[in-house]
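The structure that follows is given in the form of structure tokens.
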Amino acid sequence: MHWNSFGDFLAMGNHGLYVWGSLLVMALLMVAEPTLVLRGRRTLVERLRRQYRAESGEASRSRSAAGRRRND
Amino acid sequence: MSNGLINWFKYASPQSFYPLAGKLIPWFWALAALFGVAGLSIGFLLAPTDAQQGEGYRIIFLHVPASWLSMFIYLVMAFWAGLGLAFNIRLSGMMASALAPTGALFAFLSLWTGALWGKPMWGAWWVWDARLTSELILLFLYIGFIALQAAIDDPRRADKAGAILALVGVVNIPIIYFSVKWWNTLHQGASVSLTKAPSMAAMMLWGMLLCALACWMYSIAVALMRVRTIMLERERHTDWVRALLTNQE
Amino acid sequence: MLRALRAVIGRDLRLAMRRQADIVAAMFFFIIVVSLFPLGVGPEPDQLRRLAPGVLWVAALLATMLSLPRLFADDHRDGTLEQLALAPQPLGLIVLGKVIAHWLVAGLPLVVLAPVLGIQFDLPSDALAVLTLSLLIGTPALSGIGAIGAALTLGVRGGGVLLSLLVLPLYIPVLIFGAGAVDASVSGLGPQAHLSLLGALALGGVFFAPWPTAAALRVALE
Amino acid sequence: MLRALRAVIGRDLRLAMRRQADIVAAMFFFIIVVSLFPLGVGPEPDQLRRLAPGVLWVAALLATMLSLPRLFADDHRDGTLEQLALAPQPLGLIVLGKVIAHWLVAGLPLVVLAPVLGIQFDLPSDALAVLTLSLLIGTPALSGIGAIGAALTLGVRGGGVLLSLLVLPLYIPVLIFGAGAVDASVSGLGPQAHLSLLGALALGGVFFAPWPTAAALRVALE
Amino acid sequence: MLEASNLECVRGERRLFADLSFRLAAGEMLYLQGSNGSGKTSLLRMLCALTPAASGDIRWRGRAIGKLGEEFRSELCYLGHLNAIKEELTPLENLLLAAQLAQESLDHDAALDALELVGLLGREDLPCRYLSQGQKRRAALARLVNERRALWVLDEPYVALDAAAVELVAGLIGAHLQRGGLAVLTTHQAVPVTAGTVRELSLDGAHATSGWG
Amino acid sequence: MLEASNLECVRGERRLFADLSFRLAAGEMLYLQGSNGSGKTSLLRMLCALTPAASGDIRWRGRAIGKLGEEFRSELCYLGHLNAIKEELTPLENLLLAAQLAQESLDHDAALDALELVGLLGREDLPCRYLSQGQKRRAALARLVNERRALWVLDEPYVALDAAAVELVAGLIGAHLQRGGLAVLTTHQAVPVTAGTVRELSLDGAHATSGWG
């Protein structure tokens, strides 16, 4: 182990701000990216499921739906 | 036709690639975590202080992998794009689109870590040096690629247009890589190369390589995740997606 | 009156949102032009610092100018402009709405970006503040004045470049006061005088320019 | 083959002549941008001399870029592009013709003007010669590379600005070598190395770029 | 209501027509005929005060339209050769924005109904760029469905439309006339407008002057 | 000569038609019908190899047009919804340049004759910007007068034309068919082509598929 104390480790020879700034941002973005991808995937899957459900039910109902909107 | 080629085409169809990718993703995550922990502990806990730069040099374990990956991902992206253009394989266009954001991320990280390194070492966040500038251009190329694809609604057209741009932009990669050689600049030259023996301490080298491997595995994992999403989106009218999403609740 | 104004602004903003790329890419154009200069001129920080206000202002001016030809051309081509001219509101009001929308889309992003780019040129922080302020005041003037040029060159042969020919001379006062304000603050003279002149230009650009613009549009439609 | 090339060039030149304004105004744009800088930056001759190559090159680049959106957009809008794509010649050849015509209209005038403007910046005469030469070699590359961007953004949302986003990164090497050549000659290093790299870019831009451009056009027409 | 007297139209150095006069009352339609280039579009643009006439004057409710300005424009609906729809926007957005600009209130459902009527239901959310030529024209014509302004000036509205759509638009015009509206229309096809009074005016006939002005 | 088999057209997420096949021999004309948005323009562009078909193939003299490339294009004359004339140039210049690009030789006098035929004499030196809508279309159609390439693909050529001009264009197509040419044509108006054999094909009928692909 190279470090004498945890304080030294954090200080990074007076360059702590730069080193930890780099590491933090890098880690943050590398966590954020897969999270965003996962979230995008989840919303897409939900949207598609909804769409499929609507379509399978719609074939029979589409006429009347259009008609209903005309009336109100 | 050889057996290998047939297999290749089989996996090039989204339908069979989708589950395969799903199975591979956890493995790449595991590898990324493994290499990452190893690389970072070597880099931040074990590696000795640099004689000239003090402890600030430890940014190298972040900066260099990010820089390498930003260039490498562009090459891979261009390769997929070219393949798609030449053979009209649906998968390759999707792969190219999936890689672009990750590449842009690494280009940004290279700039960010570089800037944070530059302030203590050079006394400036930014200098208009050839390497820095060309890395900035690389970021612009990624953004241009993403913007171009986003501006075209028809995915097939978007793939083709993006592919042409990616292939034309490849010329920038050698410029970035060799910029330090061609212009004398502030930025460090390559200290790892295939021809020369590495000019840095073995410990540092190992840390850097492990971190780079971690980033590499990370890129593959994220790209695979993203390509699966893109596949669902683009193939939403095919039966296999419909079956997939309506069956597994 | 205000409803009509809001309708026009809303419509143009919606179009800009639909194109998305427009806003983002206008900003990137600004960034890229600013970044080109150090490449062409060389990297000495001291020289760059002295260049910064001029370069940023010229880039802002060019970025605005680049988006001008489309201000009315799209509407002209697809016949919307005729409809606007036939709308019950005064055409000047509609133009005012379009100018405001143009500023929101093409001017405001530049203001937001300027400090970040200023850092790249190593500007001191009070100069940065003045730079941003001068852009905030000056860019509306650019949109307003630009609209006159855009209307005058509408449907005219070689419009795009003719437009810059017409508009750039009118932009020069804005450029001089804008860059001058930053220079004055750097050299300790205080930017107030420049900024208030800039403010006068902006008021004129936004509230006076729409009327000649409207007249020019009617001529273009004849 | 050559006849077809000549037909395309002739047609584009005739259109440019008919618009006249185009050529004249491209030159004026160049002049005005170059003249704006001293206004934004301040008048010290020494500083201006050092700025000159960079400013002139950046201005040339912007002037070229400004004329790019119309390279194919007009033909696309009025249906001529479809006719070109259906012509019996290879589309790449037609694009080559259009690139050459574009250079004659938008590039060559800049080359002719550059020495005059260089004098305004008090450049020594050998630097002037190198500047002109570098522009003569470099501007065809700008036209060729620009054509790719113009084709890729054809009919795409937010085309004009997206175009500059795509094209400027590709222009940067041209800018670096071009301004670098002038710098090198001023500092006594000799501009040959830069000029020959520029030449390579120009050859690539003119003879290689038309093919990806043609591919992009076919994609745009789909 | 609409009255034109001694109109003259000069384009470049060519006089297209001169001494043209007509009157149009409520519920009447003027069907303007004439071969290509005879000046129909030019006349319609004069009626909208977009182009000034070389001589003669045009009155609306007895007052010169040049003087009326906004008052006249708020009673006028013009549809030219160009569709005036934004290719980036969807038919629905185009319709709503057009209504907003004309300071009419049109709610979402009414707009959807109008689009259904012109056969664009199912495409209401597709950017107009993707529509076929005829569908674009339909998107432009959807404005007419809820249009209640008094004077309609329509320049070849039937272009690119299929037979069903032509019937439909003719029906819209007919209904407008029956509500007491006025319409001026040109077309090279048949005009299947059955309601209201149709007056015909041909620019090829007496008013046409050929040769140089 | 021209043969299409099992063509399928998908636009966005919509399948416009599928399983469309036809054959066209020398001297025959295909009159393509269909309501707005049924895919006529899309089909014509496929026939010109501008857009790839989703599936199916198109053959010209027995060979796939995708493979033929320039050989096919040199036998093809396409006229779309857009006029492909330059507004800055005069009709005469437009005509001469179009011929040059198609690598045909057309001399000045022949061009003037063609313009006279389409009724643009006296306007041959006026920039097309000033022409009326119908005159612009005529300027575009003037290309057909001396056109000897085998396959004409015409997308609504009659739009904006007056009755006399429609007759004229129909006559040109008839003459082309009698010379042994082929033509594919769409229009929502009547087709007064009398010479040659006219085959009709409707996209509204059997081939149309609605809903999601």
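When the chains are written out, they are named A, B, C, D, E and F in that same order, and each has its own residue count from 1.
Assume a contact is a pair of C-beta atoms (placed from the backbone, for glycine too) under 8 Å apart; a residue touches a chain by one contact, two chains touch by 3 or more.
None of the values given here were measured: they were computed from a predicted structure.
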Target chain C, source chain B, minimum contact steps: 1
Same vs different contact residues, chain E with chain F, by half of numbers used: same
Label of the chain whose CA centroid is most distant from the centroid of chain B: E
Most extensive contact between chains (C-beta pair count): C-D
Separation of chain A from chain C, taking each centre as the mean of its C-alpha atoms, in whole Å: 36
Centroid distance [mean C-alpha coordinates] between chain E and chain B, Å: 57
Computed distance of Cα centres, chain F from chain A, in Å: 50
Shared interface positions of chain C, touching two or more other chains: 18-21, 25, 28, 32, 39, 42, 77, 157
For chain B, residues contacting two or more additional chains: 133, 140, 143, 147, 151, 153-154
Residue numbers of chain A (touch at least two other chains): none
Touching residues on chain F, where the partner in the complex is chain E: 11-12, 34-38, 40-41, 81, 119, 123, 126, 130-135, 137-138, 156, 159-166, 188-189
Chain C-facing residues of chain D, complex: 18-22, 25-26, 28-29, 32-33, 36-37, 39-42, 47, 50-51, 53-55, 57-58, 61-62, 66-67, 69-70, 77, 156-158, 160-162, 164-165, 168-169, 172, 175-176, 179, 183
Complex contact set, residues of chain B against chain C: 124-129, 133, 136, 140, 143, 147, 150-151
Touching residues on chain B, where the partner in the complex is chain A: 44-49, 54-56, 58-59, 62-63, 66, 101-102, 105, 108-109, 112-113, 116-117, 119-120, 218, 221-222, 225-226, 228-229, 232-233, 236, 241-242, 245-246
Residue numbers on chain D that touch chain B, as the complex places them: 148, 152-153, 156-158, 162, 165-166, 168-170, 172-173, 176, 209, 212, 215-216, 219-220, 222
